[in-house]
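You will see chain A twice below: alongside chain B first, and alongside chain C after that.
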Partner chain A sequence: MDYEGPIQDLITELGRLPGIGPKSAQRLAFHLLTVDATDARRLADAITSVKERVRFCEVCFNVSEGPRCRVCRDERRSDEVLCVVEEPRDVVAIERTGEFRGRYHVLGGAISPLDGIGPAQLRVKELLARLSDGAVTEVVIATNTSIEGEATASYLSRQLQPLGVRLTRLAAGLPVGGDLEYADEVTLGRAFAGRTQL
Partner chain B sequence: MRAYREQAIVLRTHKLGETDRILHLLSTGRGKVRAVAKGVRRPGSRFGGRLEVLSHVDAQLHPGRTLDVVTQVELVHAFSALRSDWTRSACAQTLAEAADRVAQEGERHVALFVLLRESLLALEADPRDPAAVLDAGLLRLASVAGYHPHLRACARCGAPGEHAVLHLDAGGLLCPACAPVGAQPLAEGVLEGLRVLAEAPWEDLDAWASQRDGRIRRSCAALVSSYLAHHLGAPLKGWELVPR
Partner chain C sequence: MHVERLELIDFRSYHHAVVDLQPGPQVLVGPNGVGKTNVLEALHVLAAGGSHRVGGDEALVREGAQEAVLRAWTRDREGRGQEVSLALRPGGRNVARVDGAGVPRLRDALGRVRVVLFAPEDLALVRGDPADRRRFLDQLLAQRRPAYHAARQEFERALRQRNALLRQQRLGDPAAQAGLPTWTEAVATTGARLVAARLLACHALADPFAARAAELAGGAPGATPGLAYRLSTDRVEVADGGVQEVDPQGLARELAEGMRERAEEERERATTLVGPHRDELRIDLDGRPARSHASQGEAWTLALALRLAAREVLEEVGEEPVVLLDDVFSELDDGRRARLAAWCGRAEQVVVTAAVEGDVPLGGPRLLVRPGEVQASTGPDEHREARGEGDHGDPGQKERP
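== the complex of A and B ==
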């Protein structure tokens, strides 16, 4: 049997979120029923405003509140190095390292033949347009090390080679604090190939 | 239930939850196996790097209620060369897609496994025309999956000969008596091309692809694609993306 009216609507809507099944949806809905009206209102407002105010940056396609995202607005950052990533989440991951002071370009995914996603579905044309004025001297390809990410990196390197910019790829290797004996052959092999001079 | 060990090639993966993946494996002994690999998306996972698509692995699995769970993995062959080259990567993934479509869970199919491994090795050998290896692999895959194209005799009445009409539904050539009225005959050189793709040794594909003109190559490729699409029920998604 279903619940009456609004509570059932809420359960149905919550159940459509990724990773939330019917039981979790029911638990969340009943939790929301017991919390303060202000807390519930805050959640509702956050959801509405994320749909109204957040859009994609017109330069790098990161998520942004205005026409340009925080990274693109920051004048202290270098315009010479461009880091190409798959998703906006990757921008945040790289920003957390504090190692990179250049700009970003978000592709919006990776080439995946099995899902029918080709270069045309990604923001590759926009990337080429950004590189056309010659201001960028180095492009760092920071796609995932999955098969899709590697295919994307290979495709991009073929497209960008004629432009004469310096192309680099993030190193792949041993996780910090990891045990050598448990590293898999592929990772350890790439760590060897990309070893650095001491 | 007891754990079991299988040699398998990873056909495709989906993300599951925060750090897990669901794998479709083509195993030697149990046909397609769907399994969960826990924690493999976490950096520092013990076997995440070994379970990428196309990896040939020796895995230990525990039977679960709906999906089996991968507990140990040894790498047999990584096919790393195929990952770092976009054209060959697209070809290899399309082969994996086709194998994923025809393989059945719990149905042992060694020939399919051997064929997939052979075609991936042929791609890894850096052929001049990776798309020809893909088309050959697909046609042979159709053949081991039970859709063998009859290219030396009429598919309906069995009359031997180089018949001019190819019929997708009949599964091969049709003699003049069996062919439907008004059927388009194959262009010259196309039948020979299809036979090369279906039967010739892998290392001879390059020689064929380089001396035939592009039109014959393209019609053969288009026929292979429609043949597979017809018998598998839907076109292969990866095929369109392969640079030719």
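== the complex of A and C ==
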């Protein structure tokens, strides 16, 4: 049976979030019903402003508050090495290692025919455009070690090979099938330092 | 290793049952349909994470209960005890514990209880489809090499992705064609890992299979049994106990080449036609498929020999598995019965089920199975246990619920 009015609306909306089942949605909704009005408003504001103020960096497609993200604005970083990742959260994971001083390119996912995602749905065209002026000498492919991440890496290496740029992949040692964000800093840092040429 | 005690809570027909087991042979006796097989099934679930009879877990949980709990107390060859438990929660996540502590992944708990189960359905190993024999190899490898399960999941994921792409290609999506080499490579690489593991298992089975088949046949002159692995590329590798290594990279190249050769056909049928999902473990008699050429007696010998050989392969690493024989003796002629019994006498632990006690030429305790409970044979039945080996009791004496 459904609840009536706003509480059911809230349960429905929460239930549409990834990883939230109907039971969790119900628990969260009734929890929110009991919190202070100010706490509830803070959460609502955070949700609204994330949509209003956060956008994707026009250069690398990382999340950003302005037209260009923090990494792209940082003049101390090298323009010669470009690290290709699936999602903005992977940028955060790699930044935490402190091993990388180049720039990023966020694909926006990995190739997955089952989900209808092919190269055209990813920012591959934009990547090729960034590489066209020859300033980048090394591309580090840091997609996840899942089947889809590996397939994306293999697709990219096929596409980038003709450009003559040095292609590298994070060294073995990362958990297979895993997301970069779940690898601990030391492991990920080591994988970064020991990246191998494709 | 052997299992000292097994506890079933809300598993199949059992509310709560505790079964005490001993090293060596023992027989669960009771009429058909009272739940003897469920006890063996419970041990199989603890060993392999799932039933040998049904795919899902729903059927394993007693009607009206939320979850089933299985718990086994084991003792290894050095005398160390361990408690392994598994809560089956259909629709939720199954939870495993080792010595009372939760383990992060289910597979960390699996393989601690080791079993080899033989059931009447196993005749399908010889008579059934290639899929039945593939499942046999996959289940053996899941116990023998813990990494195999993960490798299989990776392959299946890659296969589903490639098939999705082939379907998009058939629908006329021009981008699908360009994406195919990537997924061909993924299927070839992940598939080759499975093929390599299966080939090694097949080679390892060769000698014990031949030895057990000869032993069960009792030296009667007959056709020579053999094993072979036929790849989806139509190449056949005859099982050879001397082979210790296979080359996964070579296999990956072979699979990728096979997919390129059959590109046309794959495009038409929109499915991947090359890979371990299309391979077959072949059981031969004098080089001909036993599936069609074995007599009923020979088929039983071969199926049983394959299971017994699997036990020897499992034993190569770690602990000796418990042998579970579900109502098998009644299927065999007298000679095979006696020879199987002789083999069982050498195993660390054997649990046998039988409807008719006289069918089992094995000593050891008798456990009476009634609906919902398993009882050590005591009281009025004690004298029967005391009589021991060689006297198999009178089936007419058996208690009925």
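As a convention for this text, the second predicted complex is superposed on the first by the 169 of 198 C-alpha atoms of A that agree within 3 Å, B and C clash if a C-alpha of one lies under 4 Å from a C-alpha of the other, contacts with A are read in each partner's own complex, and residues count from 1 in each chain.
In the analysis below, a contact is a pair of C-beta atoms (placed from the backbone, for glycine too) under 8 Å apart; a residue touches a chain by one contact, two chains touch by 3 or more.
Everything numeric here is computed off the predicted structure, so don't read it as measured data.
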Where does A:V186 make contact in the superposed view: on chain B (first), on chain C (second), on both, or on neither? first
In the superposed arrangement, which partner chain does A:G98 touch: chain B (first), chain C (second), both, or neither? neither
Go through the superposed model and pick first if A:G19 touches only chain B, second if only chain C, both, or neither. first
Does chain B (first) or chain C (second) touch A:P162, or do both, or does neither? neither
Chain A residues contacting chain B in one complex and chain C in the other 111-114, 118, 147, 150-151, 154-155, 158, 177
Residue ranges of chain A in contact with chain B within the complex: 19, 111-116, 118, 146-147, 150-151, 153-155, 158, 175, 177-178, 182-187, 189
Which residues of chain A touch chain C in the complex? 111-114, 118-120, 147-148, 150-151, 154-155, 158, 176-177
Chain A partner, complex, touching residues on chain B are 12, 17, 43-44, 46-50, 52-55, 73, 75, 78, 80, 83-86, 89-90, 93-94, 96-97, 237-238, 240-242
Can you list the chain C residues touching chain A in their complex? 150, 154, 157-158, 160-162, 164-165, 168, 175-176, 178-179, 181-183, 185-186, 190
